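My structure is below; once you've seen it, I'll send some questions.
As written, the chains take the letters A, B, C and D, and residue 1 is the first residue of each chain.
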């Protein structure tokens, strides 16, 4: 199922979501060996950060809620990790974040020099220049940060990762495309939500609120990918709630090129990548079709054909 | 558990959500007899509307997705229903919607003359004056529609029903309070979402996208109620994913005065109101506490005490 | 709750055409089922509507459709191999009595829910079937149980109404001193079911009828199908005499798609426009 | 997956203080459990941390805490009746062999996960327990299985390290020609476990150790606890020799809360600041 994505070759269309297990080279390698086409590092920030106190991640059964708080050693304090990754034998997606356009730029420039295969910018972070508003909910902020990052990363393909909290995610995607993004990753966690423990009368997460992920957000992710597919020509990594081959087919029919998996690791283990690949292939085989043929199929035949021109 | 809400007496704090079973007097009465303190009619619109084609409502297991499309006989074509409701023996919440401020006003004025106990305005509808943007995602739109409706409904208490799609629901709630809303109902359906049938390659809902409800949106609803409680002094109807007495306790601890139930009817039948009341009472009893004592408890003791003044 | 919630897509395994306007579509899929329950049938791109399960076995089931409006005409025009979506089964089904002293009264396509019921009942029951004319008599060869036919035009069996035959049966039993009917099951046009109900009431015989209303969710949430205090998709579609007595809307009103309650004749004429 | 996912709040049913810095908290709640598994312990308003289940019965369980930093000090200061939240049990637990030819080697609070294991093993096993001094020996009265004690200061038993006692045992068996050890289970400071591992490797005896890393989710998603290729909360916390051989980070590095990998001494000193 080898495929090409922004000039690189991936062994299959599955992507490890940022923030899930991506803490060191060895585990990224293990995820890759277990059937993941493209692994993403945990988002790297501008300065060392411990993240929030626990509880930070709670399984709610049909999904999970988390407020890990973007822990990061800080881009400048990961020399050993970068060195280890130099000898990697798998394609790597480096996720980064910042609190301002300048911070994104600084991190991106430094990270680009470490030659990841892709750079993904997580624009679901509060924008310090705009009073905590999230970068990804404003077209202008999204445009600004994508263009700024694009300037400093040379020819490393750029992926903009969007949040479903945007009032109109398709517009944000268009702004990212206009700013030079090479692909869109959708979605980051939904909500936010809150879960209260009624015995202690306290929100369970130490940060009180958290992002929702896993099966319960799949309908939101599919809708976002569907909307984005109609708005842009660049490829999409469809992410959110995927746990089975059929979920992956759904995402691809909504318009995804690649399919990300994060919380699914909770429900089916690291082997989920192998399993989803098998299920996806079995489905394609049984239906005598290919990834290319089903991509965007939920938009109708003509919609897909006309997509390029319609922009 | 009799309690007072905006000058009316309710036999308990449970509310039937709009759009669920509220299609005629007899069924509203049955829901009331089955333990619901306040029943809400299906949202009434400015003109007759069939709503969308089926499928319109699909159960996803941990919640449901719906795009019913606001079917309504139209406020002016319900004479028999209004007559029947005149002799009702239960408190009634009349939900209304419109496509413009003027339409909301027209419907509200007419409905007010029928003497419902409360009027709830569903501001999750596309605002025709602002290119389909939803009323409830803009502070200005929310303010405008609430003030306009308030002018024409005399002393009938007004409840503004908000959508979690607002980038900051607390701000919308504040705008509604400033415009004269007597209470807030939160939340309407979340998302929107989409579910694709991969065999036919079609979105399952005829309208393609739909709102999410039921257990999977409870964390979102709880977070919204929590945020709104910190922003306003008017009471809140907490709604979204409640199916058990413990869920109701959680909603109340987040800050709700009353607790709404919609999709829960799917999972526990019309008797859900009786059951949730029993469970809620049992919990209060076992913890030797009252509704008043636990309301807003998740905010900490001081936060609750200072609430009035903090505005 | 073993019902299917998100549509499962099945291919038409076999299609049987019955007379000028009926067709049965067979599907190779095993469903848990009680006679009287229905499924929501989705034709992608068109609409989704409720249909009774008219045939049921361990490995498959069928629905029988009368071509009336846009949806049902498209449904009877489906071919073997076409994909159709199903949710369900929903609803309560008939409460089944094991006794020979039972009558089943079908009108037209109302035979669909009653057919699996008849197959589950004693072979000695009274089985009455009315139709417009000979050509519209569903499943002419299907049953071991003998059937009394009546047609509006007299082209087969008794010329007249199913109520005539039912009343005759009740009176005959009374006169002969044989055991009275213990239950009457019926499905057909609502006016017919209402008349059957009145006959049963006058003779103190309990009955069960299967109602039809416009449906959306099929599982008791949206309220589209309410009939008085009853939620047809969830509390019904089968209702017994006890409920029927308190259902003001029975044979009177039904909600249009908009939620507007209208007289039944208006409901049906509007639907079949 | 019978583990508790959203914290269940339990009241401290009983508290037992052990020496100067340990306490066990008992809870009346039945948990499915394998020796070696852990729970995430939540003190509302403070933090949530992993603790091994140190006592287990059909109706209850306990955790044993060593007062070290802010959280554990607060935990040992909890009183009967206080509310504590639990998620779990998580992790894989020990792979249990039924044989008398087994050694269990505990260091300090590392006794906590090993205690229920010892209770599940043959009474004739070799059971070694090391501690700083006499006062720090956990559960002095608990076991039917005889225990060889060693302390750093010689205040009880052998003065010296658990590795001394283990090596002595292995060599004695060799000389006497009695069956060699089939398995060594160990938990304690990582440097101690590493030394035990080396001893075992040199004598070709398999071992199982229980590792400790900073944890967030407890169920293998967040990656906070990775140790080389292994996810400690999910693949561990118990690892056997086969895995240990390939775990470059064993006794070397651990991730801080920020995700930064540091030398173990730095990890532990930073934590206990």
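In this text, a contact is a pair of C-beta atoms (placed from the backbone, for glycine too) under 8 Å apart; a residue touches a chain by one contact, two chains touch by 3 or more.
For clarity, every value in this text was computed on a predicted model and none was experimentally measured.
Chemist: Treating chain A as absent and keeping all other coordinates fixed, how do the remaining chains group by touch?
Modeler: Ignoring chain A, the remaining chains break into B, C | D.
Chemist: Show which chains lie in contact with chain A and also with chain D.
Modeler: Expected: no chain.
Chemist: Where centres are the averaged C-alpha coordinates, which chain has the largest centre distance to chain A?
Modeler: Centroid comparison gives C as the farthest chain from chain A.
Chemist: Just curious, how far off is chain D from chain C if you go by their C-alpha centres, in Å?
Modeler: 66
Chemist: Hey, how far is the Cα centre of chain A from the one of chain C, in Å?
Modeler: Computed value for the inter-centroid distance: 51 Å.
Chemist: If you average the CA atoms of chain A and of chain B, how far apart do the two points sit, in angstrom?
Modeler: Computed value for the inter-centroid distance: 34 Å.
Chemist: Would you mind listing the residues of chain A that make contact with two or more other chains?
Modeler: In chain A, the residues touching two or more other chains are 60-61, 195, 202.
Chemist: Would you mind listing the residues of chain C that make contact with two or more other chains?
Modeler: Residues of chain C touching two or more partner chains: there are none.
Chemist: Taking the touch definition from the header, please name the shape of the chain graph: line, ring, star, complete or other.
Modeler: line
Chemist: Going by the touch definition at the top, which pairs of chains touch each other?
Modeler: Listed in label order, the chain pairs in contact are A-B, A-D, B-C.
Chemist: So in the complex, which bits of chain B are touching chain A?
Modeler: 60-63, 65, 133, 137, 165, 167, 190-196, 198, 201-203, 208-209, 212, 215-216, 218-220, 222-223, 226, 246, 249-250, 253-254, 283, 294, 297-298
Chemist: Where on chain C is chain B touching in the complex?
Modeler: 5-7, 9, 40, 42, 44-49, 83, 85, 87, 215-224, 226, 228-229, 231, 234, 248, 255-261
Chemist: Please give the residue numbers of chain B that touch chain C in the complex, ascending.
Modeler: 19-24, 26-27, 29-30, 42, 48-51, 53-61, 64, 66, 68, 71-74, 77-78, 80-81, 195, 197, 199-200, 202, 204, 206, 262-263, 265-266, 269-270
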